[in-house]
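Right after this note come the structures.
One chain, chain A, appears in both complexes that follow, with chain B as partner in the first and chain C in the second.
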Partner chain A sequence: MVKEIERAGIPVVHICTVTPISLTVGANRIVPAVAIPHPLGNPALTMAEEKALRRKIILTALKALSTDITEQTVFDVE
Partner chain B sequence: MRLELGFIPIHDVQFADTSRVEDGVLYVNAEDIKALVLKDEHISSVEVELARPGESVRITPVKDVVEPRVKVDGPGGMFPGTVSRVKTVGQGRTHVLKGAAVVTTGKIVGFQEGIIDMSGAGAQYTPFSKTQNVVLILRPQDGLSAHEHEVAVRLAGLKAAMYLGELARELVPETIETYETLPLLEGLKQHGDLPRVGYVQMLQSQGLLHDTYVYGVDAKKILPTILYPTEVMDGAIISGNCVSACDKNPTYVHQNNPIVHELYARHGKDFNFCAMIITNENVYLADKVRSSDWTAKLCEFLGLEGVIVSEEGFGNPDTDLMMNSRKISEKGIKAVLLTDEYAGRDGSSQSLADAHVSADAVVSAGNANQVITLPGMDRVIGSEAYVGIIAGGWDKNKMEDGTIMVEIQAITGATSEVGFGYLSAR
Partner chain C sequence: MQKIRIVHYINQFFAQIGGEEMAHVPPQWREGPVGPGLALAAAFGQTAEIVGTVICGDSYFNEHTSEALPEILDMIKAAGADLLIAGPAFNAGRYGVACGTVAKAAQDELGIKAITGMYVENPGADMFAQDVYIISTRNSAAGMRDAVKKLAPLAQKLVSGEPIGASSEEGYLPRGIRVNLFEKDRGAKRAVEMLVRKLRGQDFTTEYPMPDFDRVAPQPAVKNISRAKVALVTSGGIVPFGNPDRIESSNASRYGRYDLENIMDLTEGKWATAHGGYDPSYANRDADRVLPVDVMREMEIEGKIGSLFRYTYSTVGNGTAVKSSKAFADEFVKELIKENVQAVILTST
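The block that comes next holds the complex of A and B.
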């Protein structure tokens, strides 16, 4: 899906846990997620901590979307 | 570490008033097993049934299969850290009721459980159609969580296998096989001129009922470590898995890991089988990175020249497999990978979720998506109510004539990634 949307000229960020698979299949902008069963959350955290974590991941994804790249790039969540 | 396995062949199983082994027949007092299992307050009822090779019997949903064994000499007991007290095992003497197995079934624990057919087309795909099976049909107490239910069923199977294994304690084995691995430096002195080979076993540890235990430790919490390969013959690794039936390793397969046995068969002749490394398959990327780093590091530290790597399960563990392949290869060590394929029903789709150029020597245990039609059976142990929802089944896959269509994914052990099966390209 990532590749088909990009083929239409729209840049895509792939948020996913197993970034090596994302690299193998050819996504260009990749943001690591938390874990396979809960990519955008973490049941070990409090609600407030989890919300902050989600915000960080989404902000990283938005930054990735607006960054010019020349090769496949993984944007680490800071 | 040196272990003798004494094999007592079992060619029939029967109910009797006293549990015992006589002339290759395993006699089972079902009431003894029921009383043992019902000591666990999480189990509300248990039935015991027997299933023999060639009978028109289907066992489903199968959770685990366990081989009855007993330690007769040497430290520790069977399944250390889980049922027996924790103690390093793998030396001395162990007796095996070869040909017998305990199979657990009952109310389904997780949706990825299996089918064992004792005859017909399906019997060709599962190694447990050839064993004399003592089947426990377990019902949990109401209100138990899935995880509590899994623990209860897991322990029931192990305890029943230990109970039956105990019958072999005083028996004289028909054959005795000896397996020995020396401490690394001594092994190098003895087999200095032979290539140094190791075995990397990846253990299913994705959680959510996809778990394996090592000396009682949840494998998702281990760092890769080293075992003497004889340790697994005494139940150091056990299955807590409800992952796809075709390519999970039931406890029986850990006890009888064919890769370990094949490597021992050529140990000291063609190569020096130095050690076994176990690692996991977790759902956090950091864990995948760390575990594959450590696996490659241990291979390097042991001075291995070649390793066999076996996967358990499929999907995201394909990435663990490829990370292991890449990192071991980058150390200058040759790696052969054992996996299975999910290549679609016609076999034309991509087989694995991930790939790497270093994976240039890969053995496939078969295509789990292959569809098979299973004949109706005279007797079902457990329930066919789940054949449409287990992995490899689909809604309304039971036909009016009683036949069932499934992918071989649903058959216990069909595409065993350690090669404990019958599929072959020959």
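The block that comes next holds the complex of A and C.
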């Protein structure tokens, strides 16, 4: 799906846990996620901490979308 | 002849420890064959012995590869294995990646032979077919008998050093290696035969398949994300509670398009996951953990994005055919373009 969206002309960022799969499939902008059953959350944290974590991932995704790239790039969450 | 000492690598599911709720278990060692190892042991007969089985949860392996892999290699080494068999993983993506990673490391770091098996669309196949012999299997465990039948003889050849035939003869996935050989007929004759078959509309097998580089060049960056309309898409199977479109829990044949208007937060009991390939309890409690609508609304309010597109598209990426997911995106991307969506965030589990 990532490739078809990009092929159609819309920049797309893939947030996923197993980044090697994303690289193999051919996503260009990739942001690593937390864990397979909760990519944008962590049930071990409080709701507030969890939301802060989710914000950080989304802000990284927005940064990725705003960055020109020439090859597949993984944008680590800071 | 001495019996070949085999260590078998399998996941929590095939070890009958449990399904997705147990996918977090770290590596453990069992003496002798377990689960599919029994069928393998039978296929080898007196020539080999499965001395032990390494079991690891698929999520644990993929989330903690740097810790899990050395631990697994230590177990294989301690058992004095001549051969490592991983899987077969069929179309289970995380399991396939784990099998490929363990098999390659056993070859490279322990210097022993290794073999695994997968369905051709398993992401692990693309990642490891060049490095490891991967028996081509069906897309579900119903293909176990078939897989074992091809796996055992090839494994035996690997260990004994017998010459290995072409991928089409032995039943492994092509490794992209060319070998010189003499054909019965000369090239001109073969080419004309192939052409005639093609003109008649009959099946023919090319001798030189074109490489399949399906890469898409990156789109330029979004100029001003704070004014852009951004859409959310997921393969994590998030759907309104009750799964109104009946999206299948694996090998999905459809996707859903869901209205997010006035929804600030995906709450328990209203949204859930239809995905059958991961433990659903976390997503069912708070679907924002997979489809982050709550934070996207904050971004919208704070002006970090222009707006969140009204609809989200969701399917289950669990053994779903590449062809199906391509068709889904081909269809919904038309609406994204028509509605001037400038960027997409796609989440996967």
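Everything below uses one rule, namely that the second predicted complex is superposed on the first by the 78 of 78 C-alpha atoms of A that agree within 3 Å, B and C clash if a C-alpha of one lies under 4 Å from a C-alpha of the other, contacts with A are read in each partner's own complex, and residues count from 1 in each chain.
One rule holds in what follows: contacts are C-beta pairs under 8 Å (C-beta built on N, C-alpha and C of every residue); 3 or more make two chains touch, one makes a residue touch a chain.
Since this is a predicted model, take the numbers as computed values, not measurements.
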{"item": "Three-chain arrangement built on chain A, chain B and chain C clash or fit", "value": "clash"}
{"item": "Partner chain(s) touched by A:48 [first = chain B, second = chain C, both, neither]", "value": "neither"}
{"item": "First (chain B), second (chain C), both or neither touched by A:32", "value": "first"}
{"item": "Partner chain(s) touched by A:1 [first = chain B, second = chain C, both, neither]", "value": "second"}
{"item": "First, second, both or neither for A:12, with chain B first and chain C second", "value": "second"}
{"item": "Touched partner set for A:24, first chain B, second chain C, both or neither", "value": "both"}
{"item": "Which of chain B and chain C A:58 touches, first, second, both or neither", "value": "second"}
{"item": "Chain A residues touched - chain C or chain B, whichever exceeds", "value": "C"}
{"item": "First (chain B), second (chain C), both or neither touched by A:66", "value": "second"}
{"item": "Overlap of chain C and chain B interfaces on chain A (superposed complexes)", "value": "17-18, 20-21, 24, 35-37"}
{"item": "Touching residues (chain side chain C, partner chain A) in the complex", "value": "20, 23, 59, 62-63, 93-94, 97, 123, 126-127, 214-222, 225, 228, 230, 233, 235-236, 278-283, 285-286, 288-290, 292, 294-296, 298-299, 304-305, 315, 325-326, 328-330, 333-334, 336-337, 341-349"}
{"item": "Chain C-touching residues of chain A, taken from the complex the two chains share", "value": "1-18, 20-22, 24-26, 28-29, 33, 35-41, 43, 50-51, 54-55, 57-59, 61-62, 65-72"}
{"item": "Chain B residues within the chain A interface of the complex", "value": "206-208, 283-285, 288, 316, 318-319, 322-323, 353-356"}
{"item": "Chain B partner contacts - residues on chain A that touch it in the complex", "value": "17-21, 24, 32, 34-37"}
